[in-house]
Each structure stands twice: as structure tokens, then as C-alpha cells.
């Protein structure tokens, strides 16, 4: 049994980890930390976990993190980088669901996250935890940087095109739409029901943190310089990301369906639909799946890829559990069998 | 392995049965019927089931229902009553998720459902499938009438008060609110997003079919005449029922918390929260739980019970699987472990 | 032209006042105050007002409130009571949209609002601004306490029954449901889209501030002692209140439709629908109307009244403008012609 | 007073016309037709219009359309083309809110709408009713083809760039998102709350009818060949379109803000926000405005234009009233003063 701790268990990725791990046969959550809620029962805060999680939140300072085989950080950006080193030294393995170890370029990290990085050596060591790209390295990793929600959907959607050099890598467009849970569980005005409900808008068009992560991911996967325009939007729904990806084809003699199916034929959590399909976000609600389909409108040289995921599952907690399974040599799908909730 | 068939697998209760049974270790769905969709892959209609359900819809006429140990009817009212007899004769057992066998009084049935009943003897045989009330009979039943969604929440909320003769049984009020999936998966104007979204209304105040079922259930549980006013409302959300129940206490010297906890202490799928709690519907979204709490505002003689469930799970498909488990002597919770999806 | 100021113009009632007054032919908003946003253009915060409101927020301290004929307070509870006296002395008239002057009983006020009242004499002077109850007094008032959103819907729904002594005044039930804007425009966790969306719950069942206001209103209108159980719920929608009211009829020989129609025949902003109707909240979205219908389910002695309003219009800003019109001898409907937005 | 008839008054554009015309000082609706609802009061179907519209639906055959100065067709595609000729001959003027007269190329029309056109001569005569493009022709027109909702937002967003030859006209991308009311008021499965709610998807990526209209509009405005990829998506909200437009700049020495402001400085219903803004759909909810802002992410050569409108107002009924005002020489904004409803 893998002894698991969750650092920062009051947010949406935290409660989602608890939901998934509640049915994981080889992992047992032994500690969930929260500075502000220490001493409170977890299921008092989240009644959905009544009867399933019999734990109190514990203060990070007094929690038995060091005794755990696996520590998930579901903390705000800039937190894990101060604590991970000691845990790794003590023999724990770590998956960070925040952004602390995602960007290899420390200047970029400082630019986007507004602080100098506290653990540059660990940035170098950390493996970017997109299993479809880095499975062998994840298997050996002590420290995995769990990808962002947008980058997961965007990278998985673009990879087959770029790895096969089928499109102009300099003029990519990623028009992405996210449910509101992507903003996390916090009291912000912009994500109040009365502000975000029955409404639609773009945000951070001038620059969003995930832009750098997308560029890094696409560059490392292809070796080419990448030019991508990334525009995120806020959808009045709870969960789900829909990335609408546009690229200019360099060749028209390729069977794109075959390209996509071949790329992901061994992947348990990427689903390529028949060409011309319209995947919807609810088809992955609660499930650890990235589902996609491609189109060539009018038969022209623009390819449109539609890529959907649940931002809290394949875009966060589900992928984190998937990474843990890989790190510990378990069946990759363990604890990840929950079926999408429709309607 | 129990061989299972689902008759009428294109509605919300049908797809919910498929979701739950996909992770049931002792049941295998071998047939899903649909007159209109025969020949179409089930996961073409419900992409959420891709990789999980490898079946085509089959025509009821040519489907192997008779070979199945268990047949679920997820059909419109008035369908099952024509087909159940032959299946029972052939040795199958049946849970009907529609209303065909819920009302013992045939005149009442005809009044509310607008047609004479086609199988009166089966009405007599059928067991009303509320496990918390009829577990022993369900265990022996060939035919179980799965309760309606509103009655499940209302009965479970009122039972402790009435069984202990604590309230005036003649002046009960059940102010109930349901998500839109309670109306089923069909093209109706009133449940269009643009009609029901960002809107709230009562409906069928003059008389709703579940009224008769509530009266029957409360009467049979208590032996008393029951007077209840039942007002259903439509909530702009997908799933969930919230019943706000009002009753006049006849005694004030009773520890209501103890009454509720004692009544349900052995029940795996009823959760009594601490007194004064406010259960919300999302805490049971996707889970087979009826969660409740009681209040006495101002310490007066009116008791208010708040009872929530997912209308498609404890109010329909989950309860149906629970009934199947009881009928086949399995662990009652098999296949029902899915944790509520929050947010 | 009436010179109007709005104190506290960054909340939902503030922006709603601005929306309504933008088309009021006899009123001109000359100042909108906000401590936190002073100096910012109003239409920068609310782009919906671009081209319509050419004002900056001004600091309350330096704003020309004293020069205004009419001052609306759209501030948090406990603010207006410190400022109204001076304005009245200076000749301005005031409508307070908060609760400062609603409760005549100062102990009750302190109990529910958690602070001693700072201006008891003004409490005595203030007129409770429900035009359907107090029109003559409003006409003469210097200070009007604009009713709460719940009380408006509940009082208007119950008044015809109680004024005519048709029901048992000691066992009233008001099961009320509100859209999320009732909680105001602020960063609270409970009203985040991901907390309140696709969810339904009761709240404050043990006691809600509007309870005292409802009791006071019903008592003063009837002279009887009132017993009412008030249970508010949160609906995942932006605007709208639906009150489902239950009362026990003392006589069954009365034409209730005639009672309701007679009571409101001269009222421009109360609409009695045909008996048996189901008013929905969207039918008043954005409009200054309280719409209602009554039922007697099964012909029994329980009468059910369904009463809907837009909590920000007839439940707040619209009623405030209506009060201003009465106070200044204008046509009562001036500036209140906007038609409900459907869908 | 302009005598107005609405043909097909049971859909969302019909009821929206009624909402707007209820406050139009120079127009009086004298007839609203509906084959299916003839004889029913309009405000029985739409209680939001109680007290405002005192009309019964009348059968088209017996309605006094010929006596009207102005006839709006709010009918399904392919209806108006059979009736408009006689009305024009009788001296009425017509605005068609459907697609019958939008496409000048009859083959295109037949391709997209699946039937041969019944009135080719009227297609030639009809003026495409985008005031910002065709105001002088609209003024003289007998027959105006009211633009589609998507084309209005897309054309207004792209026009300043294309008219000034600032971008590569061959590689435009319009990623558009619409609220569900764009699908009209009808019982369709895909737009049920339980299908479209809490969900996001693209649709008709292979080809949408508005594609042809967008190409025609951009071509006629610029004289150039246009290459545009148009991908519509369905947003779980009632009203609103958000078009995210991408184009490749050919020159970087242009002040785009000045270009946009100059283009629309005289336009009462187009609002150019400060550069870098993020217009949201709610800021135009219920208002006859197209609001937009532009971005150049990273200072690169891709320009992103965000263009929002209410699909039922500036995208349908509001623009139709605007066209009527132009045709009759009235102030263009008459009846169009309603302020956006926020929240």
C-alpha cells in the first residue's frame, strides 16, 4: 500500500485527488494538510466525502509528510519549491500539481510567476509529467511536474501534427475554452456565479502563464521553433476544457486519421474519435480522458483539431494519479476507472 | 456473472445504468434495446461510454432478453407492463424503473397514467423497491417496482417522523425541487436550455403523478391516513432533488437527531448529517446516497427536513442496481462506489 | 429634473439603479460614490453602461450628496444609519436599499444585524417602502426603508389572505428560492460559480434576517400575531425570487381569485395571473413586477401561492425608483418600463 | 404611427421584436401571426408581455398583413420568399429575419438551405441589412435581408482590417461561440438543458450556413477573395455571441485603435473598447450593441479581435428594428434604448 499525503487539500484539485484515491486499491491517503483548516474534518468541508475519508486536515508543520511514499502538492504556485527538496531527500516521491517545476527556463518562470525560483536544481531534475510524451522518464522520476490543464489539451491535440512535420509550426492557433473550476477554489469576484454565469469572455489575451508551457512542450517535442497564438476563454460551466486548434497543413496527401490513431493507439487515456466528430466536454466530465477529433473544413489546407478534457482530471488530479501509478510501477489506470457523468 | 439486459437504453436512466454497471464486478450487460436506434453503437450515441460499452442497440423483438438473469426496464410508463410477464415466466428477474408497478391501487394508476393497467396480477406481486422499507421482500422478489425520484427523497425524509408518530400526519408539506434530468431525455420545449435555464418555477401544483406514490408509501409505512401537499419545482441544473419537508411536531421531548440516526444507522445509502446542516445536491451528484438533516426554526413545533439525492442515482438507476444486488444476494453496494463529483 | 446620488454604486443594486435611471426622464444621476473605486469611470467597471453613464466614482467624503434632491443608499447594512441624518437635515430625501431602517424594533435590529442602531429616531420616522401597503406615507416621507427582496415577494403573496382573515395566521410557511445575485456583488466562496452552480441548497434555516422583516410586515398589515416558518434556498441562476407560500384556509366559500384581483387591481406592479398558473422567474427578469398565482391542490384546505419577482428590481432597485417616483409626485412607473428579458 | 405586423411570432426573434417594439414610440404592432397558435393570446404564451401586448395570434391567412406599413418575418428559412412579393406589391415594406434574401448567389442558397429559391428577382432587389455597411441602400429599400447573428459579429469585427487592406484576406479565422437561443425556440434534443447545459462543444465544423454569408459580406466589402475558416461553438448560456477573430497583419506600422475608432465613430450601435479590453457577452445582454476590442499578443503579426453581441438583439430583432427605423427615416435608435442587463 502506497502511503500518500496531499499538501493543500482544500482546493478543487485536492478534493479531486481525494475522490479518485478513495477508490484506488493500492494507495491510502494518510494525511491532508491545510494551514487554515487544520483540525477540521475533511468531510465537514466536503460532505461529498462523508463515509469515504476519515481524516482531519493537519497543519503542514506537524504532518507526517516525511513518512509518506508519495506526496502530492495541490498548493498555490510558489509553495512546493520550498518543501520538495527535503521530502525527496527523505525518500518520498513527489508530484506537484502547481506550476513550480513545469518551466525549464528559470527566467521564463520568474517572468510568468513573478518571483525568483527557490530550487533551480530541482527544476532541472523534474520530469514534465505528460505520460504520452515522457512515460519512461516519469517511471524513474523522483519529482514530476504535473502539466497545466490548458497545455495538456493543447499539446495532445497538436503533437501528432508537429511530430510528423505536417503543419507550419510558426502559425499555430489555440483558441481554448475552460470551465470556471480552472480558476481554483477561492473567493474571487470574476468567478462569482453572477459574474461568470450566463456570460462568455476571453481573458489574458495579452499573455497567459500556460503560453510558456505550451511553447516549451511543443518545442521539446519537435525540435522546431514554435509560433503559437493562445487565447483562453471562460465558459459558464463547472468543469471542462475545449481546445480548438488551427494549423496550416504543409502536405495534403496524408491520412490524418491514421496519424492520430497511430500516435495514440497504445494510450489508455487519449481517445481519437472518428474524423469529423465533435467531442463535447461532458463526455469526459469526471473521467481521465483527453478526447479529440480533427476536421478539414472545405477540404482546404487548414486543419482544425478539437480536443477536450476535464480540467480537474486529465488536466490535473487524474493525470497526477496516472503519474503516480507510472512512478510506482502500477497499472497505469488504477483508480482511474470512473466513467464520465452524463448528463 | 449476472447477465443483464436494459430495455430502453437511450434515456438518462438507461445511460446511467450503463455507467454504473460498467464498474460492477458481478454483472455484465449483454443487451441494450432501442426501437429507434437499433443497430447503432451505444457509444456512438453516448461517447462518454467509448471504451467501456462494446454493444449495439438491438431491437427489442430480436434481443436475447429471455436469456438474461436480470432485466431493467428504463422505458416510458406503460411499456413494461406488457412485457414483464413473459420474462418472469422465463425465469428472468425484473426491475422496472418506470411507474408501471409502483401503485397498488389500479384505479389510481389509471387516473394518473391515463390508461388501464395491462397486468393487474403483476401489480399485486411487485415489490416496491425502497430497500430502506422493503429489503426482505426485495430479496425474494421476481419483480421490483423501482421508486420514483421524488418519492425516494420524500419518503426517506419523512419516515423516521411518521414511523415514530412524532408529527401530525394530516398536514405534511413536501416542497420539492428537481434538476431538469428528472424530465427525461426527450425533445420537449419546457426543458430546453433557453426555457428552463436561468429560470425557476413550480409545475403540476394541481397534481403530480408522484403524489399518489408518496401517499401510498407514507400510508403503508405508518398505517395512518396521510395528508400531504406536494409541490414540485424545476431547478436550472442537470441532476439533483432537494426536498424541503415540513411537519407539525406532536411532542417536543424527543431527540430528533437520535431518531434519525437510529433509523438509518444500518443503511449504507442514507446519510444523516449533524442537526442544523444544509445538505446540497452536489454532495450526492453521481452518488447513490440520500443525505438529510433536520431543523426546528426558532425552536418551534415545526420540523423542517432537508433531503437530497441525485435523481438519476438514488432516485433511479443507482437504486435499481441496489435492488438487483439485494435480489441476487450480493453485497448491496456493489457497483455503487462512485464518489460524488464536486465541483 | 431630480438630482440623484447613489451612495455605494459598485454593487448589484447600485448598477441596477444606474440601468433604470438611465432611462428615467425626470431624474439625473449626478454622483455615484465608492470608497474603493473613487476616480475610476463607472463604465470602466460596468461596460454595459458605456455611452450611458458619464461619471467617475467619487469619494463619499468629497461628493456633492448634500446638493442632491434624492439620495439612494446601496451600501452594506449599518452604513446609511450614520449618514442619513445630515442629509435629511440638509433637505435631501433618502431611500435606503439596505436594512438599516426596516425594523421598527431596535432590539430585533440589533439581534439580526449584530450592532446597536445609531439613529433610533430615524428608525421611527422611516416609512417601510412597500407601495402596495404604505403608498400614502411614502408620498410624505423624507426617509424610506426599501423592503428586502424576500419580504417583498412573501408579503405581497400573503397580504390578500391575511388582510381578509382567510387563513390561519399562526401556521404560515414561506419556502423561498433566490437567484445568487441576492447575495450581492462580493467575493464570497459560497457564491462562486463552482460552488453554487449546478447545485441547490437551503441556507440559514435556523434564522434569516428577513424573517423578522416578514413577521413585522405581516403583523402590521393584519394586527394579528403571526407564526411563519421561512426557509430560503439558493438557486443556480442570476436573478429571481420564487416564494412558494402555504397557508391553511379557515373558510372554503371564498373566491380567492376575486380576492387577489380586487386587492391588486389598482397596482401597476403586481400581476395576478389566472388561477392555477405557474409564474416563472424569467417572466419578470429585469422588470419591476411581482407576479403571482394561487392553487388549492386537490381542492383541500391548503392554499399555495406562487409569487415571483426579480430580486434586483421589484425586490430592490426598481422598488426604490418606484418609491422615489411616489415621493416626488411623479407617475409611479416612470423609468420602470423595461420589459422582462425572455429568454 | 407605423403599423407593424410580425409573421411568425412564437419564436425567440418574434418575442424579442415584441419586447423592443413595446417601447417604440412610432411603431404599433397590429398583428402577430402563428399557424399553430392562432386564437391564443400572445401574453398567455409569453407572460413576460402581460400588460404590454394585447393581441391574439392570428392565422396568417386571415391576418391584415397587407394593411401594414412594415412586416417583419420571423419565420423559418424558406417561408418569407413565398409571401414577400405580394406584400411589396401591396405597398408594405419588409424586413426578413430569416435567411431567404441574404445570399445573392442562388446556387449557394440552394446548396446551404436545401431548396431552390422561389423568388430570385427579390433576392436581387433585397438589401443586406447591415447598417454599418449599407445604410444608404437600406434607406431606400422595400425589402431588407436582416443579417445572421454570426455574420453580424464577424463582419463588424473584420471590416476595419479588410477595408484598409491591413491583413492577409486569405487566411482569416473566426472562432465563434453562441448562446443556445441562436438555435431558436423549438423542441430539439441537442439544445435541451441536460444536453447543452454544463457542456461545451463545437458544431457544424464541416460547414455552417453562415459561412457563405460571411464570405459574401467580406468579399463585397473589400472586393478581394476571402479565405476564412469559421468554427461555431455552443455555449451553455441563453444569449450572446463572442467571435474571436484571427488575422495575419501585413503591416505593423498602423495604429489599429485609431483604425477601429475611426471606422465606427459615427455608428450608434458599435462600441470600440480601449485596446486590450476583454468584452464580455453580458455587457450587451438585451442591448442593441456590437462591442469589440483588439489585441496583438506578444506584439506579433497576429491580430486578435474580440467581438460580442446579443444574438437576439444586434444579431436579430434589434438590428431589424434599426433597419425599420432607417427605412422610415426615424431616429435610428428609436425603441432601442434598453440597457444591458447586468448581472
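The first chain written gets the first letter, and so on, giving A, B, C and D; residue counts start at 1 in each chain.
One rule holds for everything that comes next: a residue touches a chain if its C-beta (ideal position, glycine included) is under 8 Å from a C-beta of that chain, and two chains touch if they have at least 3 such contacts.
Since the model is a prediction, treat every value here as computed from it, not as a measurement.
Seen from the C-alpha centroid of chain D, the farthest chain centroid is that of B. Set against one another, A-C and A-D show the most C-beta pairs in contact at A-D. The centroid of the Cα atoms in chain A and the matching centroid in chain D are 39 Å apart. Rounded to whole angstrom, the centroid-to-centroid distance between chain A and chain B, based on C-alpha atoms, equals 36 Å. Chain A and chain C have Cα centroids separated by 45 Å. For chain D, residues touching at least two other chains, in rising order: 12, 181, 185, 194-195, 197-198, 236-239, 279-280, 282, 285, 343. Chain contact summary for the complex, chain A toward chain D: residues 171, 173, 175, 177, 179, 194-195, 197-203, 205-207, 227, 229-231, 233, 235-240, 242, 244, 246, 248, 276, 278-282, 285, 295, 297-298, 300, 302, 304, 306, 308, 343. Looking at the complex, you find that chain A touches chain C at residues 12, 180-181, 185-189, 191-198, 236-238. Against chain D, in their complex, chain C makes its touches with residues 12, 15, 19, 22-23, 46-52, 181, 185, 197-198, 238-239, 271, 273, 277, 279-280, 282-287, 291, 337-343.
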